[in-house]
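Take a look at the structures below.
Heads up, the next two complexes both have subunit A, just with different partners, subunit B and then subunit C.
Now for the complex of A and B:
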């Protein structure tokens, strides 16, 4: 039957599901790399985390008397992000707790998909870092992959020192830059694959899922900061490379700051936000006690998104009023 | 950056209607209606006043903006710097301006010359949309000796039509259909009794451009072109700005109907909530922030809408088009626009002569 509806009558093919599937797709590639370095346990961790997040998501939606809609993959993306920020030897219980907190505390109390103020994955990680700190910062050595059984039990895990921790102590990491770019060093299991994450960023930018302004501004600020204030006793350029490749900085810059819900919308605001985030992250790294400052910095910056958006809005307001032909000379103000 | 966007690129879907000849689907009784003005000796040497009288008697309406042609002519009589023939079909499926411009060249250019006599200028050009995609018919560089200017960029093309440089002063922009009707009124003493429309959409078996009599029902037009499937919505006007109609048998073709489109929509992808991707802000041709306006309107925070400048909205529908959550963003922005016009904008400098 013919129905009445507002214009427009045609729509773009892309929908929320394809936007989320873009993220799922690139995260799957990151998971392939973690399988290469850490064996099947990485995949089981990911599947477990996704299962817990989706179950929590459905439960929270039912509690709010809404119809669950698992066709948008937001809970899946959150679930896939969480284990990638943790070591491959993390107990399943920690991942489950982080996933439950991410969905049930950071996302649904604010109104579900698209309304959360704080990034769910970053919240889950910060919760785990505060509650289970020791388990979260003990990184197993990557390769050979058969070292980690799916269920750890009493198995011996060979632990390594991550470059982020060495830098935090003021030392110089012992890994070559090529090794670091390829991801062959101890660290959070997804975040060490520098080149793969960069390729993911390229894909997301070309798919227009992530705008290029924010990562560029963020990484430029971080690089400038690292160039001016090197933490370790290395050359300035080497300091830039070490800062960019150690810890969660690159991964967070792509996937945590690339989250559209908890970042500013305008390009101008995105640039300002990227610069501010870069400064905050580097201050956390320089003066903080924890080796991973990135998720905490993201949470802190998430609270300021509204301010950045309004800043951009006022700047654009001046430009577009000047450009408008019809309302150029009109006074726009609240009437008494 | 969003302010420098050139609109969005739409898939045009203009073929096959664009390459076919215009089919006449007219009522012979209304077609023979005259203007009651005696024929001129040499129509192309008519005085400005005579042409305006004829345009008034023939009741020609410019389908571009729905205004009477004689009023537009009166307003620019003898003081326009250029006459622009508007053949811009920037919305997908539509080719109801450019096709008459190409197929009825003689009448259209004749009408353009008559408008130039009224406006008192020798400067004229034809404005077309540079369509992306492979068209079977190429748009020539000049039509009947008149220069063709192509508008680059995406939809809406109207937002960069003002960049065409014709010198300072008023421009008279008349659409192709009105030019043809003016020429017929002057040379053949015929009243405007027809409109040029495109019939297309994914439910139409045989998409084409029609010249139909005013007052024919939409159902008759749809039956003339054949239906390939049962449509879920029938639209009068373009796919981006048109009006969906409830009853095709009781809706008539009017002066400003530019198209009749029939669509069938798959409803499975409805009901997502906004994920704040910011695509609407990148797409908006005037640089608004539809996402925040939508959120404010949903929560009835109308009083805080002042910095969002909703009164600048042109109603192009781009924000709804790009929304991946399939929300009716443009409806909210229209509500906010009405509120802003009522409460924020001073009514003193009310402007209604935008197009001249």
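Now for the complex of A and C:
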């Protein structure tokens, strides 16, 4: 019996839901590490952010007279990403404001899932950085004697200086590379877990959720830049390691730049985009005022994705045309 | 298709039309920089509105006079000169009223002399235009600009500075970021979306009323009206045979 159904008729195994579920899975692992370093407050912050994101998502969908679909998990991913880029001592109101802006300003006005021009999580973070800069860049020490209480109130929090801030001032971070790789240093609570984030990248690449071309091009460019122009008085290789492990460069390279919606489609465009993003991020780090320039650089690069897409299409069309000309010549020669 | 009822409705509600359907800022995109960068406090919005009222009204009247006597290129120059003169006069009035406005508005106070709404509309007045419609139209434009400026300024001042008309008020969460021009753009965008939504609903309501009163149009389902063309009759096919062109 023939059954008539609307298009699309050919469905890929991967869809928005599976891609988002992959992201949720790896982010849960990052949250497990943040629980280890900062206690239950990290998990509560994540849950609160997800709740606000999903509620805003449903509200915006209803305002647009559409049926809410929380099963695509896009709002959950945005909600999970946001607190990971902030310190564990961040007030709940800041996280809520960032989540509302991420969903209501960066996602829905552009058409919702799959149509947003700017990365919602990066937009939410940038908004919070502009509005609450002082609260956003005060990082508590990891593994404190007393874990952070869920509700801070008047509790005193032991703050530390992040390596990104030290590098910004031209100093050398006091933390060893092993400590930094394990994530035992002050910083945004999800981005300090270097090894875990790298493992997440590997998982996402093997699952084909993130294409390998862009992270490789991005990290290679950043490394080259750090090797050529070290910011601190250390050896060039140490400079590369410090740049890669400080701040949210690694986290942003995996989760913000790896967002399939806000990146070019073609492989060649992805490589060019990765290289350009690396240069822009390092310029932000070198000449910017904020210690975390990564999300701002991501937003700037998001605005240029159409250019990279056009460039990729142009290059591929030239290649196709030349191939067809060569093929025609071969045919003519055979006939002759 | 008769649109007489809609025309009648629009005529009756010319102010509403200037505020929503043909709002110069939201629909025509004129004077956006003033709203985005200048409307960060209610005092700024009030100063800009007074200045706009004086500049726009007088320049429109001057435009009405010049449109009959001068060519277009000269008309633009003369109208700009008039608006600049009015800007100087308005500044002399506004600065004593709102002393801090020179610092907070900065160059936007002076750029009002060449604001897009005044320059464009005063130069494009039709020769056959009558005085009263020009005056009401100019008043409507200023009202539309002021409405948008005040709405955005109210939100930005309350949420961004924690004050209303300079008086401190309790605010649950102070968002300094709302004061930067980027969020001026975002807020204007939201306001534009709201205005479009209201326009659609208003039009749907009018069409529904027209359909109810006129039995000929009862079959029209005015559920999600988008444009008036939606209801336009289908084009009549040209059935006459054309003579064949000889090769």
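We adopt the following convention: the second predicted complex is superposed on the first by the 305 of 336 C-alpha atoms of A that agree within 3 Å, B and C clash if a C-alpha of one lies under 4 Å from a C-alpha of the other, contacts with A are read in each partner's own complex, and residues count from 1 in each chain.
The definition used in the following text is that contacts are C-beta pairs under 8 Å (C-beta built on N, C-alpha and C of every residue); 3 or more make two chains touch, one makes a residue touch a chain.
Every value quoted in this text rests on a predicted model; they were computed, and no experiment measured them.
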**Prompt:** In the superposed arrangement, which partner chain does A:172 touch: subunit B (first), subunit C (second), both, or neither?
**Reply:** neither
**Message:** So in the superposed three-chain picture, is A:127 touching just subunit B, just subunit C, both, or none of them (first/second/both/neither)?
**Reply:** second
**Message:** After the superposition on A, what does A:97 contact: first (subunit B), second (subunit C), both or neither?
**Reply:** second
**Prompt:** In the superposed model, does subunit B or subunit C contact more residues of subunit A?
**Reply:** B
**Asked** Which partner does A:109 reach: the first (subunit B), the second (subunit C), both, or neither?
**Response** second
**Request:** Could you say whether A:234 touches subunit B, subunit C, both of them, or neither, answering first, second, both or neither?
**Result:** neither
**Request:** Return first, second, both or neither, reflecting whether A:317 touches subunit B, subunit C, both chains, or no partner chain.
**Result:** first
**Message:** With both complexes overlaid on chain A, does A:58 touch subunit B (first), subunit C (second), both or neither?
**Reply:** neither
**Message:** Is A:161 touching anything from subunit B or subunit C once the two structures are fitted on A? First, second, both or neither.
**Reply:** neither
**Message:** Quick check for you: in the superposed arrangement, does A:265 touch first (subunit B), second (subunit C), both or neither?
**Reply:** first
**Asked** If you look only at subunit B, which of its residues touch subunit A in the complex?
**Response** 1-3, 10, 92, 162, 231-235, 237, 239-248, 261, 263, 269, 271-279, 281-282, 286-289, 291-292, 303, 306-309, 311-312, 317, 320-326, 328, 330-331, 340, 343-346, 349, 351, 354
**Asked** Along subunit A, where are the residues that touch subunit B in the complex?
**Response** 1-12, 14-19, 69, 72, 74, 112-115, 208-209, 211, 260-261, 264-268, 309-310, 313-314, 316-317, 319-321, 323-327, 329-335
**Asked** subunit C touches which residues of subunit A in the complex?
**Response** 93, 97, 105, 109, 127, 130-131
**Complete:** The residues of subunit C that touch subunit A in their complex are 172-178, 180, 186, 189-190, 193
